[in-house]
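To keep things clear, I will list the structure first and then write my remarks on it.
Which chain is which? They are A, B and C, in the order written, and residues in each are numbered from 1.
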Amino acid sequence: MTRIVRYIFIDILRTRFTMLYTLFLLVSTFALFHLDSDPGKVVLSLLNVVLMVVPLVSIVFTTIHFFNSYEFIELMLAQPVARRVVFLGEYMAVAFSLCSAFLVGAGVPLLMFGGGPGAWTLLFSGLMLTLVFVSLAFLSSVLTRDKAKAIGIALLFWFYFSLIYDGLLLWIIYSFADYPLEKVTLALIAFNPVDLARIVMLLQLDISALMGYTGAFYKNFFGSNSGILFSAGILVIWVLTPLWIALRVFTRKDL
Amino acid sequence: MTRPARLAGVVVIALWCAQTEAATLRVGKEEAIQSIRKAIDIAQPGDTILITGGVYREGNLRIEKPLVLLGINDPILDGERKYELLTIASSDVTVAGIVFRNTGRASMHDLAAVKLLNVSRVTVRDNRFEDVFFGIYLSGSSHSHICNNTLQATPGNEQDTGNGIHAWKSHNITIDSNVVRGHRDGIYFEFVTSSRIRYNTSEGNIRYGLHFMFSHDNEYRHNMFVRNGAGVAVMYTRGVHMINNTFGDNWGSAAYGLLLKDIRDSEVVGNKFVRNSAGIFMEGSSRITFRENSFTSNGYAIRLQASCDNNTFERNNFSSNTFDIVTNGSLVLNTIRNNYWDRYEGYDLDRDNTGDVPYRPVSMYSMIVERMPVAVLLWRSFLVFLLDRAERAMPAMTPVNLEDNAPSMKPHDLG
Amino acid sequence: MISVENISKNFGRLKALNGVNLQLSPGRSYALIGPNGSGKTTLIKCILGLVVPTSGDILFDGKSTLGDWRYRERIGYMPQIGRYPENMRIGQLIDMMKNIRKPTQDTDEELIEAFGLDRMMDKRMHALSGGTRQKVSAALAFLFDAPVLILDEPTAGLDPVSVEILKEKVLREKRLGRLIVISSHILSDLEDLTSDVIYMYEGKIQFDDTIEALKRDTNESKLSKAIATLVRQRELIHSVID
């Protein structure tokens, strides 16, 4: 499998899209560092990129890549190799290449200019969100044979986790404002990887915003070691669950 | 005060003693008088007692005549965790250069290292206080100076830690250049008037860096109140002058850079509020002028309860705060003008350095959080971004009249 | 060697395969023909394990292929459309395939040389013409000396010289006793290469016998004519039945 991963990885790295993505991240990160001398603020601005752009690029690129590789995947599957190997090989190759694009584009300038501990959390969140949305893209790709439909599902995933879910959350908070909601919301946050990554970042960067009575509760939770482990664990579950479902569908699927 | 300056002070006092033909008594292990208590006993009013280096365990010492107590080579008064150390019950006493250590702790009596009881013209300067319950305690005293002292306690819980500098029913006090750390309240006033508090540092205290009530017409200049459990809280007072102080790093669910409750006819000018949960929290306060302060990196720069009116905010700088102003009502009775807001996105076509469209410092999302605190979870989400944009375009929820009609395009130069 | 036992495949309401039975033996080569949508590609995909039959079984040397993948070690497959990762070099692709299959003996690089691919190992896939990509596909199918060769429209897009090279290669492999399945529209190509004809129509096998038998049945001497006659006969029968 390593050679499958390696060659596909090298192939993706050379695509124009990956190069543009890396370049975009590089240019915007450098530009932010030039506009603002405070690395903390730069990290905060980059947070928006990590929460919006990284998931969008990851999920759309992966879905398109899957369908562009359809014939090649077929050819590989006609060889004496388990479907699982081909599938995981494709996943790893795409995930590695998007992660490297992110690391080079955002990580290199961050480490050059020094963003403090927030920078590490930002990079971690960005990588985790990349992995999560590549998983979701594979899921939307195996759910249908139609490329356009798959891209539609992928965009829907992105839109749901970036906006709709938060709208529902706000609606729940509004409807049940008279009840103690701290623990419930904590559980609800775990059902959206974007929110989870955002809050882990906020507690690093913008801690004062969460300093009301309620905020103290979240800070105590997410600030503790077990809270950090919890968030990381949930994000890992968010990577593995869609991937596992997609793999199960893929191994039974007609190509 | 530097060491040469301190020596000079000793010389001046020595000369003054010589002129009035007052005697100087030396206390120490190698001296004729070995106990401070004995020296105080035999001293005549106006005498100077020089206490040389060493540890003195003499329980509570009470001074009932005008004396000067001077420590040489840091003599230590140790209270063995049982006693109040020095009780001053006479006016015109000076205490300097002594290390006070280990007073007793009691819940009924405010045991202090140095207590001033109904006296005037007392000076307490250049002393060190280590692990004392109350540090310097003024009761019914006036015209006294507390300067250049360092107070360091080991923070325990609120019950067995006393206040650093504590004053009750006193007036015309000067508190200058002291450092207080690890106490309950760094500086505490109740019924203290016409006093000056300058150049002090109150840091890392369990509760408040500065806490006062019913203390009118005092002036606070160039103090640092940082990293205190709940920041600074002042209440039920008029005529407060807070100038050029720094309020910083006061974190926590109930921590404020400056909490103003029922404060009237006061001014808050040229202060810096940095990295506090709330820079200023005010309720029931009116006729206060906030001018030329800078609010930087606070959670809330200002939390303005609807019970406040006739306050003026002008020429302040607001930058990198999570929320600029939050309020729980629609208030129109305060004036906000010509401040610099880093979030301002307006333009200045006539080039007069003030924006041509008003700035509205209360965001929709802050109103949501005010009503539903759990909604802080959505901070910096795309949804909140859209909501704030929509609200700015068509105000529906935020108080319409709360706006800065002449926002500054550039930060004011506040030094 | 391969026995297809009563397989059916439904895609939703569409019956792509409907009770197909086939015996494919080594040393024989089969022309798989039929109009578009007759189920040829689905049948090939079923044999390759790319499509899972709704019912029925496919045995490879007596063992079921369902849920197995090892039997594919013995199949060389040339797809109809060869699309490869754009930035992969020919050499990398071949290396990757070798890595997947882990051949125990020397690989058969005859076609690589005959097509001149050995001189363009560093070329990237996006720089290749459709014909060259087809040559790559063909070379890959023959690379591992597989006892079974499945070629889906092998000559489409190839230049006449290359078609001849490929035909020669197929004939040599046939003489070596390989089982060869070729699906094609170009009947003249098939005439020289195949010994048997499998004609599919609407998901069913309509005819499965040797070319000699087909010519005898239809009284035609050329394969193309024979098939045309066969199709007309079948249509006639269908119209009578309907």
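Everything below uses one rule, namely that a contact is a pair of C-beta atoms (placed from the backbone, for glycine too) under 8 Å apart; a residue touches a chain by one contact, two chains touch by 3 or more.
These figures come from a predicted structure and were not determined experimentally.
Visitor: Where the centre of all protein Cα atoms falls, which chain's Cα centre is nearest to that point?
Guide: A
Visitor: On a CA-centroid basis, which chain has its centre farthest from subunit B's?
Guide: C
Visitor: If you average the CA atoms of subunit A and of subunit C, how many Å lie between those two points?
Guide: That pair's centroid distance is 42 Å.
Visitor: Determine the centre-to-centre distance between subunit B and subunit C, using the mean Cα coordinates as centres, and give it in whole Å.
Guide: Comparing mean C-alpha positions, subunit C is 89 Å from subunit B.
Visitor: Could you please state the distance in Å, as a whole number, between where the Cα atoms of subunit A are centred and where those of subunit B are centred?
Guide: 47
Visitor: Which subunit C residues reach two or more other chains?
Guide: none
Visitor: Mind listing the subunit A positions that touch subunit B in their complex?
Guide: Per the touch definition, subunit A meets subunit B at residues 38, 41, 47-48, 51-52, 162-163, 166-167, 169-170, 173-174, 177, 181-182, 185, 189, 195, 198-199, 202, 206-216, 218.
Visitor: With touch defined as at the start, can you tell me which subunit C residues reach subunit A in the complex?
Guide: Listed in rising order, the residues are 9, 11, 45, 48-52, 69-73, 75, 77, 79, 81-88, 92-93, 95-97, 99-101, 137, 140.
Visitor: Which of the residues in subunit A end up touching subunit C in this complex?
Guide: Checking each residue of subunit A against subunit C gives 3-4, 7-8, 10-12, 14-15, 68-72, 74-83, 252, 254-255.
Visitor: Quick one: in the complex, what on subunit B touches subunit A?
Guide: Answer in residue numbers: 251-255, 275-278, 297-299, 320, 322-323, 368-369, 371-384, 386.
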